[in-house]
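Okay, so subunit A shows up in both of these, paired with subunit B first and subunit C after.
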Partner chain A sequence: MFRYLLSRFLQSLLVLWVVVTAIFFMVKATPGDPFASEKAASKYVIEQNNKVFGLDKPLLVQYGIYLKNSLQGEMGWSFKAEGRSVREIIAESFPTSMRLGLLALAIAVVIGTPIGVIAAVRQNSLSDYIPMSLAMIGICLPTFVMGPLLAIVFGLKLGWFNVAGLSEWSDWVLPATTMGLFYAAYFARLARAGMLETLSQDFIRTAKAKGVPGWRIVIFHALRGGLLPLLSFLGPAMAGIVVGSFVVERVFQIPGLGQHFTEAALNKDSALVLGTAAFYCAILVVANLLVDVLQVLLNPRLRFAAS
Partner chain B sequence: MGFVRHILVGLIMFAAMACERRESMVTQFSREKILLKGNGTEPRSLDLHLIQTTTEHHIMMALFEGLVNEDAADDTTIHPGVAETWESLDNFSRWVFHLRPDAKWSDGTPLVAADFVKSYKRQLSPSFGALYPEMLYKLKNAESFHKGETKDFNQVGAKALDDHTLELTLNGPIPYFLSVLLHFTWFPVPIQVIEKYGELESRFNQWTRPGNMVSNGPFKLKEWKFKDYIETERNPHYWDTKNVKLNGVRFVVVPDVATEERLFRNGRLHMTETLGLDRIPFYKENFPEVLRVYPYLGVYFYRMNGTLPVFKDVRVRQALNLALDRDTLVNQTLHGTHAPAYGLTPPMKASYTLPRPLTYDPEKGRQLLAEAGYPGGKGLPKFSILVNDVETHILIAQVVQDMWKRNLGVDVGIRTESSSVFYDTQNRLDYDIARAGWIADFVEPISFLDMWTKGNQNNMTGWENAQFDKLIADSYTATDPAARGKIMEEAETLFMNDFVIVPIYWYNRQILVHPAVKGWHVKVLDNHPFTAMDLGDETLPAIH
Partner chain C sequence: MTPTSSMALERGSSLWKDAFHRLQQNKLAVLCLIIFVFIAVLCIVGPWLSPYSESQTDLNLKATGPSKAHWFGTDQLGRDLLVRVMEGGRISLAVGLAATLVSVLIGVAYGATAGYLGGKTDAALMRIVDVLFGIPFIIFVILLRVVMDPILHTPWQKLMVLFLAIGAVEWLTMARIVRGQVLTLSKMEFTEAARSLGLSSRRIIFAHLIPNTLGPVIVYSTLTVPAVMLTEAVLSFIGLGVEPPQSSWGLLIKDGAAAMETYPWLLVFPAILFALSLFCLNFAGDGLRDALDVKGAKD
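Showing the complex of A and B:
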């Protein structure tokens, strides 16, 4: 197990380096200027700014400096948010996104999994068709529709929640639900597919033949195997959800990390683009690693292969 | 089942609790006299020398104060600020300001004339990279110091004659110099505080953080939650603090227009920064008392790239101008939210009349295009309109595209780019026709005209005309407003006769203002001094 983890860790470092290098050169290759605006800055001002941020140096030198600083934990300064380091921006906005993301994930698991399991157990009945159709709509309904919809209904019409901002605990409900419902739909479909496959296995038939009650079969025999596909989806889903969502953050005015991914790229704020991308990559790698370890622990066949 | 019942009971209790109408944030903040203002995007910085935009300017108006002050209702009336009195010498080219002896920074240290001089020096320092130093080029030798040609700052026209006397020497006469001084680039920064938190000319200085920051305006920084809000509180050391009615202003960062409107309806904002086009009919009909639509001194237009062969012929340029039905575009597509632009300079002063307004005459347009050798648009090289990828810009481009097709038979493409790419492309003259917007820095026609001189960084059309450049230069020395107006009219006529641009509309602003807000008046530059504002106890019925 230790050797397995070590090799996975080294692989992850390699992945991180490749991603950072690729993005570095991609950002540099894109057109545009981070200091351009509606009122044109003079060529002179732009030159001065390029100098301040070291953008006047040859590309490979810039890359070398970037790698060297990264190894020392320095991710550079944002061009757009003056006087803020990339590290500070991430450190400040990630906790908000993570909290929101974990809430959303909890909502997704609590709503999505039982629906999928029930749909599988009652396959081809109304309790399969109705929730699964709803799940399909949930997947298709983008967050930029769902978010404002929830804000208008529960915020403005019913007055239960504030429409945006994070000033009290109840303010987390609407954004977390918006994000959660989207993932819940995925979870339901995955849980259903996994359960259907497991329920058709021989050992389930054996259990039935031995007279084990139906609910016991589902909970104690089928669930463990049936939820494995869900588990492998959980890794990338978790990484995606905890780093925040541009749309949800804009709709609910949340100072999270998600907006920086999009805005940094649009503003050509290269240090921030690289910093957020590397951070996301690292989280993705860790989340996948965790899921792999969990799968090995849960799945006897994999456990055998790993040892 | 017990568990489910608990959850249900909990939910019902929560709903009942939530339904019990809580006091809205606006009501609470009105009582505490803290203005909740939507402010669009996160400011780039709170350092006066590292910002560019009007939304940043509005925050600076709360935190800082320049030599002179805005009037609450009139854009051209000037009030004393840090300077109590002043005189202009040498035919408006030298100005002496007498600073009030009780002017202080928010940490209680006296504000002296040398603070202004050092602020200008920092801003013009070549190694610093300030973002709007051109505003100070009006000072003698400022440009050459900024470009590193003059090394000695003593050569620049900013001198502290003593602690309370500041002398500014300009390149030439500027009779309206006091209006220029309202811009944030002329405000002072607290040199001694900046030096405490890093190097004076370092871009990574941390002096603008809460706890560190010191300013000289009616308010000082209380809290800065990145990407969330900036809150200011009363500055007890401000010389006129007894006449300041508000206890603070919270600038809420809310880049999404629809979210901002929901915040207003939800009682979480006193004023919005803007309002989506699609919401205007709703407010006009149902809540006209909160809707403010008012002229804003700016013009929305298309640049034509004069370096391209297709736009070398003035007849082509004129035809494109004639074939645009501005009234229909503004009234139909934009719900009448802006004003059709029949020229470059928006209506602003009695001493200035717009020369020869543009007309809509598709017949004449077709005729001119035929004369230029492209009857019915045939043979005209293909070109496209470049816009940044904002919904409204694309929509307008589509309407213009359609009008040119119908009226002239010309096939025009539309090219979209994200903003940072778009501005750079326009700068490099890598476009055929490009969208542009221009907002005046002060209420003078020159604000719209001097950008078209040869080599001006905001020209970006390749157009140049020696006679025009001479008129602009002449206008600087014309101290009589009427005579200056005449020169400007002549210059604009000369420029517009060449049809280098296609003016589309003159801006209006659309915002929502809560009835509790007092002392807010329509102003064409949209700069509203917070010192004049107050909050009453008016409430607003729920907007559903």
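Showing the complex of A and C:
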């Protein structure tokens, strides 16, 4: 198992290196250096960035400097936010996005999982069909439709929540729900499929034959195996939540990292875009690694295969 | 057994006939397929039949709700929303189909090569796919848009980059599926026969193996189209996808969301058409998968 984890760790390092390198050469290969062609940037910022990135040196030296910078978390200076380093902006806005993402994930798990489990236990009944059809609709209603709809109904019509900003704790409810509902739908589908498969296995039949009560079978015997598919979906879900944050932070005017990233992309604030992109990749690679480790720890089959 | 059915048995039944028969049993999937085709045809043909054009403004009208003259109402500039939704649908569907086509081309060629060559080459090629799976691609699509912006001038060039970029990142699952299929197929007798006849690897891959993977490829393509359309809409929504004067469903939903308090229909109609299309494509894809009995294409 240790060897497996080590190889996964090394693989993650490789992915990070590939990502960072791809970003570097993508920028270098396109005509019109984004650092040089930026008209709106002040002279000071351009000089600073030239110094940080060593833009007057040969390409390979630049690449070396860039790798070293990336390792140290040095990402240059924003063109638009005068006098602020990319690192500063990320440090300031990422906690907001992370809290939002974790809240959304919690909502997704808390709402989605029980619905999926109940649907599987009562397969082909109304408590299967109705929630599952709703889940399918939920999957097809993207966050940028769900967000405005929730804002209209609960913000403007009912007046329960503010529709923009983050000043009170209740301001977290709508954005987190918007992001969470989509994944709740997904989790419900995965939980249902996983539980159905587990419930049809021999050890469940044995438990039934021995007279274990139904609820005990579901909770103590089937749940652990049935919910494993959810775990492997956590990796892609993290990536999706990052993308969701681009949309949700825009809809609800939340000053998170997603907002900064999309703003920077729209404003052609190259240093900020590149730094943020590399940061996102790093976060996701680490998250994927954690999910893999968790999976090995919780799934005995993988544990044996890995050792 | 009635004489007709025994006749049918003698004639034999192809994979496609079986699949078609099974698909017909799945009423919901057929209904979804019909609705989607209807939406697609409406978007393609509709703008020619409509008395209005996409950019034709009527400032006396401004934003008015649905009426007999304008079924979906009009926007703030008095443009007919129905025509705009149909034109937007053209772009959304075009991006969906074109990007899916790109992803199919890359994924099939890559997966078939890996599966056919097998051994170390296969291991290396699939390890690359594993590595690529860990990379958040939408960020790269956005990056590509930003760094290539200086050399993109017309909206059409931007659109091309958009669907090439989306297609170039959506091929991974396709490659995995095709590789698995080819791995099984290349151990079958007909491949061995082709090999012993002295056919080249390329000929075997393209003439014998790939045609046999068509079922899973079709199924997974049906599921890729909505994924691509969603990506396009997200990009357009945050302002990094399709740009005015062109419009897409994502862009219309964005404008609609901005005006939803006063003119809700501007959000409701594009959102309904968009969600309905995704819903139908997903259900039709699921139905096709069951009909063709494809395993491993799920999620």
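Following the convention adopted for this analysis, the second predicted complex is superposed on the first by the 255 of 307 C-alpha atoms of A that agree within 3 Å, B and C clash if a C-alpha of one lies under 4 Å from a C-alpha of the other, contacts with A are read in each partner's own complex, and residues count from 1 in each chain.
One rule holds for everything that comes next: a residue touches a chain if its C-beta (ideal position, glycine included) is under 8 Å from a C-beta of that chain, and two chains touch if they have at least 3 such contacts.
Given the structure is predicted, the values throughout are model-derived calculations rather than measurements.
Judged by the touch definition given at the top, the superposed model places A:207 against neither subunit B nor subunit C. Residue contacts after overlaying the shared chain place A:266 against subunit B and subunit C alike.
Of the two partner chains placed by superposition, only subunit C is touched by A:140; subunit B is not.
In the superposition on chain A, A:174 contacts neither subunit B nor subunit C. Contacts of A:52 after superposition: subunit B is touched, whereas subunit C is not reached. Of the two partner chains placed by the overlay, only subunit B lies in contact with A:93; subunit C stays clear of it. Shared-chain residue A:152: touches subunit B and subunit C both. Once the two complexes are laid over each other on the shared chain, residue contacts for A:253 go to subunit B alone; subunit C is not touched. Touched by subunit B in one complex and by subunit C in the other are residues 30-32, 34, 37, 148, 151-152, 156, 250-251, 266, 268 of subunit A. Residue ranges of subunit C in contact with subunit A, taken from their complex: 130-131, 134-136, 138-140, 142-151, 226, 230, 233-234, 237-240, 250, 253-254, 256-257, 260-261, 264, 267, 271, 274-276, 278-279, 282-283, 299. By the touch criterion given at the top, residues 30-45, 48-49, 51-53, 77, 80-85, 89, 92-93, 148, 151-152, 155-167, 170, 250-253, 255, 259, 266-268 of subunit A touch subunit B in their complex. Those residues of subunit B that touch subunit A in the complex are listed here as 14-15, 18-19, 21, 25, 42, 44-45, 47, 50, 52-53, 126-134, 146-147, 203-206, 208, 225-228, 252-256, 258-259, 262-263, 265-266, 268, 417-421, 423-427, 436-438, 457-458, 460, 542-544. Across the complex, subunit A meets subunit C through its residues 11-12, 14-15, 18-19, 22-23, 26-27, 30-32, 34, 37, 136-137, 139-142, 144-145, 147-148, 151-152, 156, 190, 233, 239, 242-243, 246-247, 250-251, 261-262, 265-266, 268, 270, 273-274, 277, 280-281, 284-285, 288.
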